[in-house]
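Below you'll find a set of structures to go through.
Here subunit A shows up in two complexes: once beside subunit B, once beside subunit C.
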Partner chain A sequence: MTRSMTVMMGLAAGMFAVAPFMIDAAPYEATMGLVYKIYFFHMPSAWMFLTAAVTAGVASFRLLFLKRPRADHWVIAAAELAVLFGAFTLVTGPLWARKAWGVWWVWDARLTSSLMLFLIFVAYSLLRKYGGPGSDKLGAGLALFGMANVPFIYVSVNYWRTFHPPTSVVPTLPVEMGIPLWFCVVAFTLLFVILLRLRARLEHQRERLEALYLAEDDI
Partner chain B sequence: MRMRLAVLLVVLLIAPIALPSVALAKEGQSQPPPDFVPVENAPAGEQIPAMPLLGLAYGFIWVGMFGYVWSIARRLQKVEAELTELESRKS
Partner chain C sequence: MSGFARVAWQVMRKDMTVEVRSLEIVSTTLFFAVTVVLMFSFGLVVDGRPADNVAPAILWVAIAFSGTLALGRTFERERQNDTLRALMLAPADRPALYVGKLAGILLLLGLVEIILVPLVGLLFNAPVFAQALPLALLLGAGTIGFCAVGTLFAAMLVRARSRDVLLPIMLYPMTVPVMIAGVRGTAALFQTTPDPAVAQFWLSLLVAFDVVFVVLALWTFEPVMTD
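What follows is the complex of A and B.
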């Protein structure tokens, strides 16, 4: 493990240990009360979900059009993280909505397109697991399609009618709510980078192992 | 005969609706409100509690996060052990 990874892991662990205290100290929101505090983990999870989708899309572009076969490892890693952070977003959102909106789910543009993105990366993972030879290129096409969905998800709350808060909420947050939020965003970003590197490393090592087995068979 | 049967049927259909209101009117009780009545504040027992939802949301993320870190560490450990064994066998 590199020195930078050790430092990042220590920093992320420290930040995640402090985060609950900062969230607890944040004030209640006037109309939603206590339940709005789900936001401090929901929003960073959603951002990492979209970041993972973009990472998978960029790596897919490198694999398909620039012919970099090792980019496939990054697509696999980012797609798995899109499923993980997508699950965090799609589970915590309805728990918040149940109290704030009175319903678990509404089929508006933001929620529906987020569910679609999540399903695209679940489909990618299944394709890579059971698709056999050639599934890397098919999967890369799917991941590119997933990335194209990201800008639509981001702006959807500003163009279509929805209960979901618009994107203007984040820059206009009061300081006492903004500090814990940005602290959590940094912690989640660190976690995302660590997990992405570890997952990609797993794929690099698997490739090395496969090459060694093939070389052994040739002897 | 047919006429009597028809009258009996109508009486049987109307009785369950008419009798309670007649009884209420006799006792001098007020009628139930005709429509839904709004209230300013919902009773405490009717409100959705925030704490279990908050606990579930944070619990799900913590469990998912630790579970995934553990899963990556285990898979990486397994592959690297196999790699070391294979390399030592070759050398």
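What follows is the complex of A and C.
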């Protein structure tokens, strides 16, 4: 465990402890009142979901085309985090939608593409768990295809209609809402980096342990 | 004929020769597709009249289901006698092998669709021949998109455990754009007043999907199939 990790973990724990108070202090939104406050956790987790997906895609590219076997550990870590933050996004979103739109779910471009991306990473996890040997490259292919697929899902569903508020609202938020929002974004980013590094480290060590076992057998 | 096209042609011809002699995949897949459509008609035909606007969805779901079955069987056959290894050992371009396999599966599914489309039209009162050319283009582009992803995944899964269940799990989320575009485009053609402009939009989306995913599959086939 490196020193930087310990510092980051302490910082993240502190920030997550403070975040509810900051969110509580933020003003009410005129039309939605209290419910909109889900947004302070919903948006950062959605961003981390996307970051995890992109990380998995980049690591897959390194594994497949640049032949870096250790990149696989980063794919595993990032894919698991995509499932985690994806689940968080897909739970907090409908909670808000029920109050704001009156329904739990609509087949909007963002919602549908998030759901499909989430399903692709769930498929990845299932593949890695039950696929047996050789599933690392297979999974990397899946993650790569998943990345390429997102724009298509987005365009195809967007052709119907879109309900989701665009991301362009973020810079226009008043300062009292903006500060807690960016505070949460930083807290979630820290959490993401910590979990990603821990999970990848676990895979590195698992590989070393296996190598040691094999070396022991050879003697 | 250049080397690439010749290899692809040979692989397809080999698959077709095996298929013509056994008729295993065509007959089972076709029978399966027919039963899927019949199952839907039991659920969706009420008082002798089919529910409105269900034909496009049933057609595409039947294609996806039978496509999955055909993909699985094609590669299962290669696995049984370990012939995929022999193919991989052949001094040929790996992407050419992929193209040959893809062409074989497309041909099989095309045959299945020739029976499937009139059947759906018959059971669900869909005007399948009114806009025959646009429908054929949509079906062609959609099938290529579905099989381009499917062939790569099925080939990768040959050595994996629980491959039967993993193929649809991986394939269906990935081909959601194909399903949306295919169903919406076909629905635009099956309306009482067909809307060719909408169908054309979906067709162009399908073509874009095909181009991206065929290129990506050709590019990935080599590294994923190398031990």
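Assume the second predicted complex is superposed on the first by the 207 of 219 C-alpha atoms of A that agree within 3 Å, B and C clash if a C-alpha of one lies under 4 Å from a C-alpha of the other, contacts with A are read in each partner's own complex, and residues count from 1 in each chain.
Following the convention adopted for this analysis, a residue touches a chain if its C-beta (ideal position, glycine included) is under 8 Å from a C-beta of that chain, and two chains touch if they have at least 3 such contacts.
Computed from a predicted structure; not experimentally measured.
In the superposed model, A:G134 makes contact with subunit C only, not with subunit B.
Contacts of A:R98 after superposition on the shared chain: subunit B is touched, whereas subunit C is not.
In the superposition on chain A, A:V155 makes contact with subunit C only, while subunit B stays out of contact range. In the superposed model, A:W182 lies in contact with neither subunit B nor subunit C. Applying the stated touch rule to the two superposed structures, the subunit B and subunit C interfaces on subunit A have no residue in common.
Partner subunit B is touched in their complex by these residues of subunit A: 20, 33-35, 37-38, 41-42, 45, 84, 87-88, 91-92, 95-96, 98-99, 102, 191, 195, 198-199, 201-202, 205-206, 208-209, 212-213, 216.
Those residues of subunit C lying in contact with subunit A across their complex are 149, 152-153, 156-157, 159-162, 166, 169-170, 173-174, 176-177, 180-181, 184, 201, 205, 208-209, 212-213, 216, 220, 223-224, 227. If you check the complex, the residues on subunit B that touch subunit A are 48, 50-51, 53-54, 56-58, 60-61, 64-65, 68-69, 72-73, 75-76, 79-80, 82-83, 86-87, 90. Residue ranges of subunit A in contact with subunit C, taken from their complex: 64-65, 67, 112, 116, 119-120, 123, 126-127, 130-135, 137-138, 140-142, 144-146, 148-149, 152-153, 155-157, 159.
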